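Note that the chains take the letters A, B, C and D in the order they are written out, and that residue 1 is the start of every chain.
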Amino acid sequence: MFQLLDPAGRLRNGAKPPLDDEFVLEGLRWMLLSRAIDARATALQRQGRLGVFSPVLGQEAAVVGSALALDPSRDWLVPQYRELPAMLMHGYPLHKHLLNLMGNPVEGRIPDDVLMLPTQVALAAQLPHAVGIAWGLKLQGKDGVVMTYFGEGASSEGDFHEACNLAGVVKAPVVFFLQNNNWAISTPRQLQSGAASLADRAAGYGMPGVQVDGNDLLAVNQVSREAVARARAGEGPSLIEAITYRMSFHNTTDNPSKYQDPAELEAARARDPIARVQAYLKGRGMWDEKREQEFEQAISEEIDAAVAKAQKAPVPNRSQIFDNVFAELTPRQAAQRRELLGEG
Amino acid sequence: MPEMNIIEAIRDALTLEMTRDERVIVLGLDVGRLGGVFRTTDGLQERFGKDRVVDTPLAEAVIIGSAIGLAISGMVPVAEIQFLGFTHQAFHQMGAQLGRFRYRSRGRFPLPVTVRAPMGGGTKTPEFHPDAIEAQFVQYPALKIALPSNPYDAKGMLLQAIRDPDPVLFIEPERLYRKGRAEVPAEDYTVPFGKARIAREGKDVTLVAWSAAVEVCERAAEQLATEGVQATVIDLRTLVPLDEETIVKSVESTGRCVVVHEAPLSAGFGAEIVATLQENAFYSLDAPIARVASYDTPYPPASLESHWLPSPERVVRQVRKLLSA
Amino acid sequence: MPEMNIIEAIRDALTLEMTRDERVIVLGLDVGRLGGVFRTTDGLQERFGKDRVVDTPLAEAVIIGSAIGLAISGMVPVAEIQFLGFTHQAFHQMGAQLGRFRYRSRGRFPLPVTVRAPMGGGTKTPEFHPDAIEAQFVQYPALKIALPSNPYDAKGMLLQAIRDPDPVLFIEPERLYRKGRAEVPAEDYTVPFGKARIAREGKDVTLVAWSAAVEVCERAAEQLATEGVQATVIDLRTLVPLDEETIVKSVESTGRCVVVHEAPLSAGFGAEIVATLQENAFYSLDAPIARVASYDTPYPPASLESHWLPSPERVVRQVRKLLSA
Amino acid sequence: MFQLLDPAGRLRNGAKPPLDDEFVLEGLRWMLLSRAIDARATALQRQGRLGVFSPVLGQEAAVVGSALALDPSRDWLVPQYRELPAMLMHGYPLHKHLLNLMGNPVEGRIPDDVLMLPTQVALAAQLPHAVGIAWGLKLQGKDGVVMTYFGEGASSEGDFHEACNLAGVVKAPVVFFLQNNNWAISTPRQLQSGAASLADRAAGYGMPGVQVDGNDLLAVNQVSREAVARARAGEGPSLIEAITYRMSFHNTTDNPSKYQDPAELEAARARDPIARVQAYLKGRGMWDEKREQEFEQAISEEIDAAVAKAQKAPVPNRSQIFDNVFAELTPRQAAQRRELLGEG
């Protein structure tokens, strides 16, 4: 498993950081924002103001470290559903994400200049899409790269196999970023696959595969940059398995105490990805309590503003049920719409 | 008699059958330690062990496909797909394989496999999860399709399904899982397939439904009663086999019929009911048979689902129209 | 005007559109060097290159799934699934993904994707290959479904499909692929969706069909004509959108209707036609609307398929019954 | 790539044959039978007496070498469709197979004591079934092993991935026997996957994978025995990739001249698996022209007898359309059956 920072935030012997300090600080800011959103969204959900919510908690280094390797002006992001900070980093506004969670996707539409697909509910179904986009970019002579995310659970689906295999054949510029957070709802990693390493699967598709410490922002960023560079250079796809840990519930309907050993969670907390970056930056004189307070203050205001904005958005109205089914409604749909609106 | 909700009735049936027949094996996502995302299999792994209650990898096609093999080897698998919408990931293993193995092996390999899955909206679950796609399976003519709407039927029909010598798709009404308890016998009993349930009798109109839509019809019937209209509510219970006799007889006597379902209108199973009724009760009809269904769009955002799903109000409105026709 | 069979008409449409619009890309199993197992894409790879006519790995879900991504990136994919029965391997990418992308992205990602596949029996192809499962796709309400029955429509509807801003499932009648040539304009033309074709006009009964079943109805109509019965034959051309107007008008005038399709009876799209007609032409009906379809069994062994598929004889028999009702 | 016999039929340096000569002779007999059936069935098809037919030609060593590792009294065979000799070796009567090809599967029913599934038309769909049988045998404490066959084309399907992965988790006693014959209809191996070796995929499921010369009867048999022994000992599944070559058309509807380089076919003919075994046995004094004539004579008679038997079988009748749909017909099906039989 590739690592640059040990759990105490010290650079490993001879390791060179792939990011300069300002960039690491930027990464930390996204990680802290992510964690603060987790807390706020969970609270809002408990108050009945948001629908089901899946926190990123514990996986911030994996998501942020990889997304930092992308260029939002030309690269595409194809998420599963547990990668909110990557979506924000790619230019998707937070209040729009909140609107989706409020059951108001009408206002959550991805802006035209954000190169990103909506989150995917059907696990692994996004992977063939990611390959198709990457292949299309290549055919059109564009230099964009596609980064797609999925869990170790999703990697058991047939779609994972078919997507990786096609990508290998057409040398699609795509990075398969597997977040192995040890859980698929209640199903632990060892019941998900008999493989010693899921990165080993890459060889079966003719692409490089690497296992990285997913709680190490620097290591994740380094392998992601390498994979993106490779793809951009026309050398084809890569698979990255980031070993991390889901430090919270699967989503707000879940209660992990039913299946999780508390000792395991404790051990995971000791490898907290945020603490590790903070320790690293502290060691380099870039982080202290004051800075932390400033960051927290700014983040809190950013979230407040997004929540306020989301709450001000127009409430969806029932006629929107018929919007965007087709470019034009069929006569039958049009009649149904009239019936719904009492015009029938 | 004990009272149970649908979850408890299902768990009771599984417990009973796993105790009675040690060939029965439960497999699916999160059915073990967690007891299923809806807790239908809660406690089963503790009781019957990890070999008989198995958390599988996250892959629907191989859940169904391996259940086929397990059955061939001599087991009696009860596979759970977490939400009916995700049977699409396994679709090629459902109708074409599970449904046809007896046929293509000329009887050598009958498959006593039960596939359980919850269906339906009204609980603000995200897209795909709630898709009411039962009609798609009817078009593969070698699956039995059972959809209980209440705790009594849930237990008796599940026991019937597991013991059936052929594959059964057992679809559970997610929205009604915990909607009140009813009396359910503690002992072993089965509810035979192909026999509809007359949930309510009335002379003026026949409402035909299955799964959670039965409850919608019952609420509509109550409202209609206050307006002096007496509705019969028929719960089909199984789409395959279909109890044509009961619905034809009822419509022959009422002369009017509304079919209600959660699937989008076009090519929903309601069309089959209408086609069957108009063929067999043609000369008794006082008005065209009507359908109240979801609209022909993808499942809408959570905040709009109540406008999309068939409601008692829409059923009542439709009945009023028929009566004034 | 040149004469073409359906294969040639399809190839002509693909050639035309690939020449006109360089965003068009053809992908699927064996579509390149071989030109497809039915030769519909013969010569295209030589002409347009390996980047635009692509032999994919053997995996239907990623053929559809990557076509979705290709469309998002700015291409116009025409994906071929070797036989419609194998769309089941890709089912989760069809309705739920391909069909819903515009909706779930609130219009951000319309998908101009065409999925071509041959359907239907009568050529002794083994099980699965011939499965007529069109109704399953109607239940996912964001795919357009086009089924030409002759060379003229095949060309014009395929051009329409590729240019349609939404995903189209384009189902080709395998049995008729090479069944005679007909005049097909050499130039560019489209046949609009949602407009049925009246293949023959007669006052006594309306026969409704699509795909290869149209030819069955035409043969039945000829036989009936010798018995003095004048049948209208309507070719629906598209199931989504559905041309209700044409069929309702015809049945209002004939008072009798038989719907004919190759899919097994139960929950076939015929049920939808019956349900729609009995609602909209109720007071014009002189007899119940009938259906002639394949039986509710899996696809039978090759040696028995002719007894299973709807035949002109069965249609004629059914019409006689209606006329004596 | 594992090999015991070189293309000239000489044992490689230090190699020990896993089969004694009598057994090799038995294998050769099956290989010759297979090739003779190919010729006869193709001829019958051309005369319109058989339906579509897929020859084994060129792959006899792969199929026979692996099937020789099975014990038909307890092991299961789960075929794709290009493994006829394995089916016969497992106890399935040849005339029944011919009946299937004649569109008369009613009489082609697999006898109750033959542990085999019907051939599979939907590619790779058989792999989850094989895993289920193997898992079920294990759960019931039986010592049977399942051997399942599939092509390199089928290995691109999602079912391959899901089946291998589940087998790895439950340690199912199953052998995945991949026949890489370079073609999936017209699609060559290099367009099927970017992987250097398909056997490399095994690691991603936690099982051993081996690439073997599929035209080497002895080598195939050795790796197959090892995989079967492993499975029987409770150590779980294995993946074998047999490198072979389809020396004929895909099936009787196919015309390879449209896509195949004749030089490639020539080169493949030089590696003919039957010639190799014959050379080997000749070197050991076990094969000569006389023996060859005896074998051919016996085989020819065996095929004649099977064809004659198949032709005498009762012709299917239309009421059988409704047999074996369910244990009992539904009322609707019963009514349809009456209509079909003119009893309605």
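The rule is simple: a residue touches a chain if its C-beta (ideal position, glycine included) is under 8 Å from a C-beta of that chain, and two chains touch if they have at least 3 such contacts.
On a predicted model such as this, the values are computed, not experimentally measured, just so you know.
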Revision key, fill the gap. More Cb-Cb contact pairs, comparing C-D against A-C, go to A-C
Review point. Which chain has its C-alpha centroid at the greatest distance from the C-alpha centroid of chain A?
Key: D
Exercise for review: Please work out the Cα centroid separation of chain C and chain D, and write it as a whole number of Å.
Suggested key: 36
Exercise for review: Quick one: report the Å distance separating chain B from chain C, using the average Cα coordinate of each chain.
Suggested key: 30
Check your understanding: Whole-Å distance, chain A centre to chain C centre, using C-alpha means?
Key -> 40
Practice item. Let me have the rounded angstrom distance from the C-alpha centre of chain A over to the C-alpha centre of chain D, please. Key: 44
Point to revise | Set of chain A residues in contact with two or more other chains | key: 105-106, 122, 156-159, 161-162, 165, 169, 191-193, 325, 330, 332-333
Revision key, fill the gap. Residues in chain B with touches to at least two other chains are numbered 56-57, 59, 61, 85-86, 88-89, 92, 96, 103-104, 127-128, 141-142, 240, 242, 266, 296-298
Study note, to complete from the structure: chain A contacts chain D in the complex at 156-162, 165, 167-169, 171, 191-196, 198, 200-201, 203-207, 236
Review point. In the complex of these two chains, what residues of chain C are touching chain D?
Key: 29-30, 32-35, 37, 55-61, 85-86, 88-89, 124-129, 265-266, 295-298, 300-304, 307-308
Revision key, fill the gap. Interface with chain B, chain A side, in the complex: residues 51-52, 102-106, 121-123, 153-154, 156-159, 184-187, 191-193, 253, 258-259, 315-316, 318, 320-322, 325, 330, 332-333, 336-337, 340
Check your understanding: What does chain D use to touch chain B in their complex?
Key -> 105-106, 108-110, 112, 117-118, 122, 125, 127-137, 139-140, 158-159, 161-163, 165-166, 169-170, 323-327, 330-333
Review point. What residues on chain B touch chain D, complex-wise?
Key: 25, 51, 54, 56-57, 59, 61-62, 64-75, 77, 92-93, 96-97, 102-110, 141-142, 144, 165-166, 194, 240-242, 244-245
